[in-house]
Every structure is written in C-alpha cells, then in structure tokens.
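Accompanying notes for the structure given below.
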Amino acid sequence: MAFNIYDFTSFNQSIDELLYEWLPPFWAMIVEMTIIGLVFLLAYAIVGLLLVYAERKVCAFMQNRIGPNRVGPYGIFQTIADFIKLLMKELVYIKDSDKLLFNIAPFIVIIASFMAIAAIPFAKGLHAIDFDIGIMYVVAVSSLGVVGILLAGWSSNNKYSLIGAMRSGAQIISYELSVGLSLLTIVVLAGTMQFSQVVELQSTGWFIFKGHIPAVIAFIVFLIASTAETNRGPFDLAEAESELTAGFHTEYSGIKFAFFFLAEYMNMFIVASIAATVFLGGWMPFHISGLEGFNHVMDFIPPLIWYIGKTAFIIWLMMLFKWTFPRLRIDQLLNLEWKYLLPINLVNILIMAFIVLMGWHF
Amino acid sequence: MKEIINLPVHSIEEEEYHINMGPQHPSTHGVLRLVVTLQGETVKKVQPHCGYIHRGIEKMCEKDTYQQIIHLTDRMDYLSAHINNHAVCLLVEGALEVEVPERVKYIRTIIDELNRIASHQLWWCSFGMDLGGLTCFFYGLRDREHILDIFEESFGSRLLHSYYTPGGLMQDIHPNFQKRTKDFIKYFRKKIKDYDRILSGNVIFENRSQGIGVMSKELAINYGVTGPSGRASGWACDIRKKYPYGVYDKVDFKEILRTDGDTYARYMVRMDEMRESMKIIEQLIDNIPEGDYTAKMKPIIKLPAGEYYQRVESARGELGIYCISDGNKTPLRMKFRTPSFVNLGVLDKISRDMKIADLVAIGASLDLVIPDIDR
Amino acid sequence: MDSEKLKEKILTLVPEAQLEENKQFPTFLIPSGKFKSLTAKLKEDKDLDFDYLFCLTGVDWGTELGVVYHLTSTSLNHSLELKVKTENRETPEFDTVADLWKTAEFFEREVWDLFGIRFTGHPDMRRIFLEEDWVGFPMRKDYTDEVNIVEL
Amino acid sequence: MNSIYTYFADIFHGLKSLLIGMSVTGRYFFSPGQIVTQQYPENRKTLKMFDRFKGDLMMPHDANNQHRCTGCGICETNCPNGSIEVISDRIELPDGKKKRIIDKHIYHLSMCTFCGLCVKTCPSDALAWDQTFEHAVFDRSKLTKILNKPGSSIIKDIE
C-alpha cells in the first residue's frame, strides 16, 4: 500500500526504543509522556488559535465582510494579539463567589477537552494512545466538560450564569444520548470500538457510504447532537448572547475566560475529528473501487492532509449552522432531542443491526 | 436550632427571583432596563424602568421656534427621523393653513417610505440577532446602507436629517435621487427574498415566534398598541389610510393586516410593509411634479393661539403631536405621543408565563426604540 | 356619530361640562368631580364606545395645571377631547383612567413625573423617567434648575 | 397514521427550510465578490463624500480673502444649540457712515447638531457646508473654530 510511506508507527517506535535504550524504564516513560504532553499542548494552542481565526474569517465571508485584516497579512495574527490581550487582563474577583470552584471550573473544562484529544488518530500511528474502547472513552470524557460549565455558572454568584449553567446541564445530558447512539450505529457496523481499527476498516470505503441510509442518518444526527454538545449555535443556549449576555462565563475575565473560549473551539475540533474518523474514514484516502489509477493518486496525498481536510469540512459545516440559524428555546431544544433525535436514532440502530445481520452492507 | 426549623418554607417551584435585563443588555437595543421576575426560566412579571436617556425634548421645545423643533424630533425616533419631521411640518402647515406645493408632498411621501423601509430593515436585522441568527444583522445593515446613501446624497446626512421645514424642504432633491431610488428598489426586491429564505421560512424561527406573545385586537386597542404591532392583531390603525397626509390618498397600497397577533404575525406584517412601501415608491418616483420645493413662509412662524393635534404613521406606529400655542413663536406645550412609549406598556402583559428567550423575541417584535420611549 | 350629536350627548351626560368652540375635536372642560363617572360612561356606552385613548397630556397653563385626554372610537370613528383643570399647584389630583384604558397607565405616570399631578386609583403611581428622589416637577413653568437648564 | 405522516412531514419540512437557509449563507461564503466592506483609512484617497454632505460649517472665501458675511447675527439667533457666536464690530467708512463688520464668527463644532438652519437662513449666503468628516481631536477646545480667516474682509456689494 502506498500510504505506508506516511506510516508513523515505525517512527514512533524508533523514538520509543531509543529512549528505553538510554534511560531506565521509569524515566524513559516519564520523558516520553512529557514529550507527548508538550507536543499536544503546542498542537492544542495552535489549533485553537487557528480555529478562532477561521471562525472569524468564515463568518465574515458569510456576512459579506472581510473579517480580521489589520494584524499581519490577512489578519492572521489577530487571534494571537487577542490572546496576548486576554493574558494581560485583570482577573476580576467576584464578591461572594465560591472562590475555589470559580477558579477550578475553567481547568475542568479545558482538561476534559484535552483528555479527549488523546484517543484521536491523526494519521496511521499518530495518536497518543489507542484504546480498544476508544469511541466509548471519547464519549465519556468529552461529557466531563459540563461539570466545569455547571461549576462555573454555580460559583459565579450571578443569576445569568446560573441560568446558563442549568441550561447547559440539561442540554448536554440529553444530547449525550444521541451522540452515543449515533456512534453506536457505526460500532454495530464496524464491530469494533478501537479508532485505529475503525479507520483501517474504511480502507475499502467510508462508513457513510458503506452503511446505506442508516449511516447517513446517523451522520446527520451526530452532526446535530455534537453541535449541541459543544454548546455552539444554534444550540448555544448556555451562552445565549442576546438573552443571558454571556451565560455561564459572564463573570470570567482574562485568561480564565480564554480557557472557556479555547475549550469551546477545541471541543468543536474534537467532535469534528470524531465525525471525520468514524463516518468519513479518518486519515484514509478516498477510494473508488475499480479505478486503480485514481486510487493511486489519492494514496499519494498524505493521510494527515486527508484527516485535516475532512475535519475542516465538518468544522465548516458547524460554522455554517452557527451563522445561519436562530437559536432554539430550551424546551424546543429538549423536544428536538427526546421527540425526534432519540426515537429516530433507536430505530436507526435497529435497522443498522438488521443490515449487518443480513450482510447487506458493502 | 429552633430558629432554623421555624424558617418559612419555600417550595422551589414557587420561589421567584428577579434579574435586571439592562440598562446594558444586548437585546434591549439601548438603555432600557427591565426588571424581570422569574420562576425558573418562566417570566412572571416585567417592570420596565425607562428614563436613562430622558433629555426633556418636550421642555426644550417650549424654548425653541417651530423651525428649531424639527431638529429635536429627529432625535426621538432616530430610525424614522423624516417621519417625525413630517409630523411637525404638517402641524405647522395645518395651523397656518399653508398649502404646500404638490412636489413637496410627493417628495415627502417617497422619503417617508424610504425611511420606513430603512427602519424595518434595521428592525429585521436586530430581530434576527435577538433570536440568535447573527448573520441577519449584517444583511439588514448592508441593504440599509443603500438607503442611507440616497439620503446622504440629497440631504447631507445619514441618520438625523432635519430635511423638512415647515412649508417645504430645506433644498430640492438631488438630480440623482430618482435614479438611485429606482436602483435601490430593483436591488432590494432581489435581496428581500434572502430575508425570507434565511429567517421567515426557517423552522427554528417559526417555532420561536408562532404563538408567542399573543395580543388580541381588544388588548391592542386598550393598550393603544399601534403600527405594525397593532395591525398584526387585526386592528386597522394605519394613519396613512385613516387620516391621509402627503399623497397617500393618491397611491394604491394595501393596509397589511393579520389576525394572529403573535410575534410571527408582527414579523410578517413588517416584512409585507416593506414590500408595500416599495410599491408606493414605485408609483410615485416617476411622477414627481415640477414646482417649488417650498411654499412661501414667513421667517418667524407664529401659530395662532389654540390647540392642534397632528398624527402621522411612523415606522413604529402612530406618532401624535399635541401642541398648545399661545400665539408666540414658541409653543406653550408640545406633547409627543411616541409609539414606542405606548407600545412598551403592553410588554408586561403579553410576556407573562413565557420563557426568557420569548421575552427577548417579544421585545424585539414590538420594535422599541429607546430614545423614542424616553424623549 | 357626528360631532354635533356627540356634543349634545356629552352635555346631557354632564350638564356642567363647558364646550370649547372652534377646536379640531369636540372639546369639553369637565369639572374634576364628574370626570370619573363620565369616562366610565364613554367607555361603556355602546353609542359612544370610546375604546382608544390615543393621547394623554399634562399641561401647565401658567396658573392652572391640567390634563388633556384625547379619545377616539375605533368602531364609530369619532373623537373627543376632554380637559380637566385645577388651580391647586401644591397637591393636584385627578381620578385615574388607567382602569378603563390601560395605555393611560404609562401616560399618567409620565404626567405625575413631569407635572406632579397625582392620579387616585392608579395601580403603580411612581415616577417613570426621573429618579424617585428628584425634587420638583420639571415640566412646570415655574420649575427652575440653575445648573442643568441652559438659557440661550 | 395521520400523526405519523405529520411527524415525518415536519421533519422533512424542517430540514428543507434549514437547507434553504444554509444555501443563502453558503452562497455568500463562496462569492467574495459581494463583500461590501470599505477599507477606510486605506481608501482615503478615493473616498469622496457627496457634495451636500454636512461635515463641517465653513465660510467660503474668494481669492482676495473676502467673504460674504455681514455679521447680521441671523445664524446665531436661528441656531438651536448656541453653537454660533458672531462678534461684530463697527467701523467708520470713508464717507462718514458706520458699517457693521464681523470681528469673529465663532463656531462650536462640538455643540453643532447639523440641522442646517444657519446655512438656510443666511441672507447673504455667507455660510456653507464643508465635506470634511474627520473631526477627532485630542483637545475639546480645538473644536471651536473661527470661520472668517484672519485679515479677511467683506466683498464690496453685499448688504
């Protein structure tokens, strides 16, 4: 296979062996973890900044504007300038707030999103850890962030924040179901929860094409539910700028606010990565069976590019949602989940199981 | 320990709390403060507190001549400044029994309607923004800019024009005025379809607005809610039809009426009004008669002693001016019955037992302009 | 109902009312004692059916304080102007019409705020624009404020 | 059965309306030619205001440094905000008559509401609107301007 030239497995292994040769096993592990941590931290910050910039540019183009264009060429340093500003801003102390929870909340949110990244395969062999229950792990960990949001709203001693946090709690608990079930549909098809295997299985065709209509439905449901889970428009009820001013992070300033801000964008990146990995084949190139020449050309595009392209497409879709639709009301939001998404999802998973049982999938 | 036991027991469902919406809040469109009593997320009571930009325009009018009053009325409802000016001009002209040239009437009617479209565009974009669709805001402002350009070319300013004077106009319209207006109508007929596609037909929007803040016809009359908000409840209160001024009696246009009285009806009435306004402009723009742009007026205007009431249809409803003159060059009392002030009164009534999100939608659909409330 | 008939009808309802001639609308000066009963009849009577109070103005004529009511009937299309006046500048007080026409609730608060005329029976008689601790009533002719009012 | 039909009809109607909405924003995203933003400080050279634009009050002077203002003060009385002050002087003409000329025509831009009454009522057309609009200054006193240029005089025939 042509994409073996882009395989990171041997590269990683050589570093691993080298470290264990030089250092005692304990220290080798520590150093390894530190390296991985630093790489991820760096990638996290860069992706976050890029996404904020991309959001501004994308929404500007949708609104007939240019967007940021003053700091650096095409305004690419705008977000960096903004983060420097946020770093230097005063951290306002809120009277009668629960200080411990107030300070801890942004970290919970950002750690939850950080943990979820660990399981995502960026290319062959390029992942921090390859659980055999990777999908389950990501779903479980990404829903931890709501604890941070609830604490932030609760501890701020502000009614706007509290309403925002409560909305967010109700919302994420509901939509967690749909995210899980729509991923489960694909797990039924794939027969595994390991991300690397899920991707390998798609070398003959992406699951969204393999799984007939149920996979398409699951993809749409996942898009809707994951948009809701990341608290992005039209499901941004927790922030609800025109109703609650800023919702749960009304009282946060400076770097603590930046954490929430960054976590929101990273959550978007994570769910987009999962959608790309599970439905669109992750880093697997696009193949059409029978067209060998075409497939060969596709193989020469590095898997990282494939992965980034697919993720970017889904992120673009989510931005399109946010900048087109008006916001839902809280009861309509729960209606959508419990009356529409959940029943459809349950039926969908049954159909998928039936298809797999009969061997009708490609 | 005993004290704790004897504390009054509140059940969580019954407990109410207050939040301050405003004076600085994104969806009050200015410095209006609403003290909202909430039970969970359900609105139980809304108490508006106004006056944050009360400038005492009525008091200032008592010191100003009638020409000078014009520029104060600009600053009440700044989104339909021309229509406010028109009311003062009609009041003075009616009191002095001056016959203004036909040309002036035509031009005033066209500009009023352009101003109405501009106002409704801004309402549309802020309405979309209040519901969470931020892109609407930019589309509305983008198209409004074309009207402001027309205004700027002819009268030199974009928002507060002071273009009408008692008896006529400050200066004649710019030679480009007709061409630009026709271009705009052509442009906006295309763009208004986008408005419908992005908001009117959207399922989320329909769910957010239908059946929200229902106002019956009797309620609208009792609270005096005029303008598009009143017409959405089925109350035919269009001053342009009932007491025609300008050349509204010569043009063919429909009074948009809806019977539902909810937020969606108020929205659709305004959308249809924009189309009706374009129809009015199309009928008039090629037929502006030649003539003077102002009637002969004395430099110092003194109204005969007496009382005068003049009303016009502003973009938000009935704008009434009640003027008591004692024969001097300044009025004894000038009262502005501004539509936003009256329409605000109904907010508490129709937003009870709705959610906070609905309160925002209802407030936006009433199209309140805060300087118009406070004056 | 045309204005002549309307004038007769009002005069039969309140014989003490003074008709003012040559006005835009039929205008009556109503003694404040009779005002409450008259407004109730104006609203309830099916021949009059004044259901829309379109303007309520507080006026300071120099010596007298008063309120001007503009009423119209949306079904019968006739209008009426009512005035009440008082020479009492210390504690002027009239009956409220906010129970008949809800729109008067805000108008009357505005009149109280700027003219200092109280309305008995008003559900929420607070200042509307100014703060509660504001001294004086700014729209009165004898109101002075050296600091904030600039004479040109 | 009917309720099931409406359930699915609702879903498809909803999805369709959402797709229509997305097509609008999506279309604008892929047509950057429709961008309307003006790049303000960069386009200063090409940015031209309409000739009727009310930016700043000015007193036109001709090549001989002569203006048309007689100092009658009508603009001052007509100004609603007191943003114009006319300080006039009396000089003796060679034939013994006294004539009023302006000493200073002071204009407070900070108080002006651009109502245009001064320009309209001026009997000798001495005032006009200027099209400048960049009025930002660091000191408020700079907004008070003297409209007649130093050493200027009145054109002969103006009464």
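The chains carry the letters A, B, C and D, assigned in the order they are written, with residues numbered from 1 in each.
As a convention for this text, a contact is a pair of C-beta atoms (placed from the backbone, for glycine too) under 8 Å apart; a residue touches a chain by one contact, two chains touch by 3 or more.
Values in this document were obtained by computation on a predicted structure and should not be read as measured data.
Taking the mean of C-alpha positions as each chain's centre, the chain lying farthest from the centre of chain B is A. A count of C-beta contacts for the chain pairs A-B and A-D puts A-B on top. One finds 45 Å separating the Cα centroids of chain A and chain B.
Rounded to whole angstrom, the centroid-to-centroid distance between chain A and chain D, based on C-alpha atoms, equals 51 Å. One finds 64 Å separating the Cα centroids of chain A and chain C. Spacing of chain B relative to chain C, judged by their CA centroids, is 25 angstrom. Taken residue by residue, chain A touches two or more other chains at 62-65, 323-325, whereas all remaining positions touch fewer.
Each of the following residues of chain D touches two or more other chains: 18, 21, 24-25, 36. For chain C, residues that reach two or more other chains under the stated contact definition are 152.
Partner chain A is touched in their complex by these residues of chain B: 17, 19, 25-27, 41, 128-135, 137-139, 142, 198-199, 202, 204-205, 207-208, 355-358, 360. Note for the complex: chain B touches chain D at residues 64-65, 67-68, 70-72, 135, 142, 145, 152-157, 160, 162, 165, 170-171, 174, 194, 197-199, 201-204, 206, 299. Interface residues of chain D, counted against chain A in their complex, comprise 11, 18, 21-22, 24-26, 28-29, 32, 34-37, 39.
Only residues 58, 61-66, 69, 320-321, 323-325, 340 of chain A touch chain D when the two sit together in their complex.
Residue ranges on chain B touching chain C, taken from their complex, read 50-51, 54, 56, 58-59, 63, 218, 221-224, 235, 237, 306-309, 311, 318, 320, 322, 324, 332-333, 335, 337, 341-342, 344-346, 349, 374.
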